[in-house]
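Just below sit the structures, each encoded as structure tokens.
Two complexes come next, and they have one chain in common, subunit A, joined by subunit B in the first and subunit C in the second.
Coming up: the complex of A and B.
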């Protein structure tokens, strides 16, 4: 008894989320490129892209809601749909963070270029890679790939901390570039948030695949037994 | 959490066909346990072994240990003794059609020689109240027959009849499958309330129903107990691939 219509719904949901993932990933990459090249045109592309991401988010939520209401999914299917709705929300936030980045870039473009002690391209590469790998783990349904994403988060956190220290020092030493340094600091913060969303996505993939909640470093183990009452009393 | 029913290495046959294979399962007291599985998996046979009804089918037999409280039901205990402790409600409501509502509820007690009229009145009222039927039938107790009630009311009447003999365990074999959603809701609500005083084992094809009413769920397949765990675990993250395939509709 294969539930054909339900399976079609799940496939459609998966397809839509992949499109959404592509849009979010593209937004991060464009925003970073816009920063590196001080490219106003790319900034506008990210801003225009945002409405597509928002529309995709609504569509995915609607479809997930319909599947929950009409198909009463269980077990792995239920976990999949819940994971999709949460990943959807994280991808939309990735889009928002990309918009925040380009807003800072648009401000910076109007200011004289400054030599700042921050490696935004490196940070952008790391955050973007996390999003990409988190989405790959979703596509392949592999918890091991998702686990690797979780381990990358510390690296980006460290970059943000370094950026904070170095840019604060720069603002003290060279007050004339305070605004540029502040913009860069906010970009670093936005990229660190992108990495956090990638981490959330990876956690949701693990939840879907393994049924384990690994959020906040707490793994909830599940075991089965033939005598649950006796063993757990 | 106490154990009401202890099943160890239970096997059952219809003639030479083995219907249950080495089932071991501890059923929690004052909780509802759902038994799920595809048609022919042995779930009805299993519950019918818990009150020795399985052996009423010609050629059918069961072996193993089933302990209900201090009673080892396959070892020197009479079937009547067992059925006093273990009530049963079936898929189709089966009130005695010509009996009044009152007599339907009192039937078990009267059969056991219970004659105290005042006490009988009290038990009938208590049982109908427990079955959430009292308010609907109190004025027609002796005027209306059991079969004059609606399907949902008839099923609650059968539950009242089972409760009147004060069993420890109530077995329910798809008790709501013939009922509309409102009557089904009433039965499910009733199961929830009855757990306070009784241990309930419910066979159901409706997995949403199992997830709504039962704290524990056992999945049967081809006469075997594949998985038995807390209901939320079975329906969100079962350990066995076969359980998952069944509850997600990939086979069955």
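Coming up: the complex of A and C.
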């Protein structure tokens, strides 16, 4: 019966992490819409949602803690719970990056619109997709999906490098839009960070999921005398 | 006897986290020196050390895992171990930020030196001190020290805002150094991120240390029927 309640707890944890992922993704998408439409109201929505995301992070951490305190989990569940707390932090920071984006957007809205050589929506879509897929790879326990996310990161990095070169040129050619170009460049950086967080999640999936595969048998035996910690001392 | 080995494990975990903190701080300091002296060799040292920092992160995570798997920790130890895994991630990313700094420095070294209105060493010193103090607040279990770190973050944010304004003006006035100014601005952003990671660590200290204080008695009783998870379902 204890085991059943524990399993329910794991399901709850999984569910909460998915909700958290949804909030983080929504923040990126809204920030991008705010950029496209120069929409101050949508900026405020992202700012207001940050505290919701922070609260969700703490709730997940507390639930993870409770599950660990409730009973001695098997190694595979332990790895799952630790991975959740790691991924949780990254999702919260995706929310932070979205806040950084709308701060730049709010600066841009005050300035005359400028035609800039950068495709922010494309970067936002790619970064946001990486977060979603990284989270899927975790929920489905598929390290190969996580591997695909790592490869997507190069694409976003390339977009950022291109943006860097094109926007530097723009600043040189049209100094009157330097500030707008700089804002756009920083938005690109923030989106690159979102992609980095997705990469972190994917790396954690590979580390924890593979680890769970490799160490599962040892774990089930759960013999403390055979435990790796002994080998280390 | 099990308990003793567990305590040794906790000490080892603490020690490894301190070493990790030292590596992260060193990376920031070296990156800053590389900036000041336009020193390519020092840039390479930071790049080479990144894999060491990554390896240290994984080792700490594995040790945390082993400790959790070894025995059912008391709540206070459980909170400590979970906090370690969180702080560990932030320290690893301080290392990442240092790599980002030297990438910009390597770009600057290729360009003619420019006199820029930004005090990078001051920002680096402040950010690096925040990381050190955040880690100290954790090791000493002092939430009030962590609170002080949170207040330092405003100082670094103000430096970044000033740099943003001054460097934008510089780009307008002297378009020939736009690229150098942009590099310096991105270095400032990276140092601001280092400060953000210190802030994350401090927040975790407050959350986990305070939580441990508040919940310690419940934890020692360790009664699963009274456990908070029951209240949630």
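Please note the rule applied: the second predicted complex is superposed on the first by the 207 of 233 C-alpha atoms of A that agree within 3 Å, B and C clash if a C-alpha of one lies under 4 Å from a C-alpha of the other, contacts with A are read in each partner's own complex, and residues count from 1 in each chain.
Quick note on the criterion: a residue touches a chain if its C-beta (ideal position, glycine included) is under 8 Å from a C-beta of that chain, and two chains touch if they have at least 3 such contacts.
Because the structure is predicted, anything quoted here is derived from the model rather than measured.
Peer 1: Once the structures are superposed on A, label A:66 by its partner contacts, choosing first (subunit B), second (subunit C), both or neither.
Peer 2: second
Peer 1: A:185 in the overlay: touching subunit B, subunit C, both, or neither? Say first, second, both or neither.
Peer 2: A:185: touches subunit C, not subunit B.
Peer 1: Quick check for you: in the superposed arrangement, does A:85 touch first (subunit B), second (subunit C), both or neither?
Peer 2: second
Peer 1: Who does A:172 touch here: subunit B (first), subunit C (second), both, or neither?
Peer 2: So A:172 only meets subunit C here.
Peer 1: Quick check on the superposed pair: does A:58 touch subunit B, subunit C, both, or neither? Answer first, second, both or neither.
Peer 2: second
Peer 1: In the three-chain superposition, say which chain, subunit B or subunit C, touches more residues of subunit A.
Peer 2: Tallying touched residues of subunit A, the top partner is C.
Peer 1: Who does A:9 touch here: subunit B (first), subunit C (second), both, or neither?
Peer 2: second
Peer 1: Once the two structures are superposed, pull the subunit A residues common to the subunit B and subunit C interfaces.
Peer 2: In subunit A, residues 2, 72-73, 75, 78-79, 211, 222, 224, 227-230, 232-233 are touched by subunit B and also by subunit C.
Peer 1: Spell out the residues on subunit A that touch subunit B in their complex, using ranges where they run on.
Peer 2: It comes out as residues 1-3, 6, 72-79, 211, 222-230, 232-233.
Peer 1: How about subunit B: which of its residues touch subunit A in the complex?
Peer 2: Touching subunit A: residues 1, 3, 24-28, 207-208, 211, 216, 225, 227-230, 233, 235-240, 243-244, 247-252 of subunit B.
Peer 1: Which residues of subunit C touch subunit A once you look at their complex with the stated criterion?
Peer 2: 2, 5, 8-9, 12, 58, 61-73, 75, 78-79, 82, 85-86, 89, 96, 164, 168, 171-172, 175, 178-179, 182, 185-186, 189, 196, 200, 207, 211, 219, 222, 224, 227-230, 232-233
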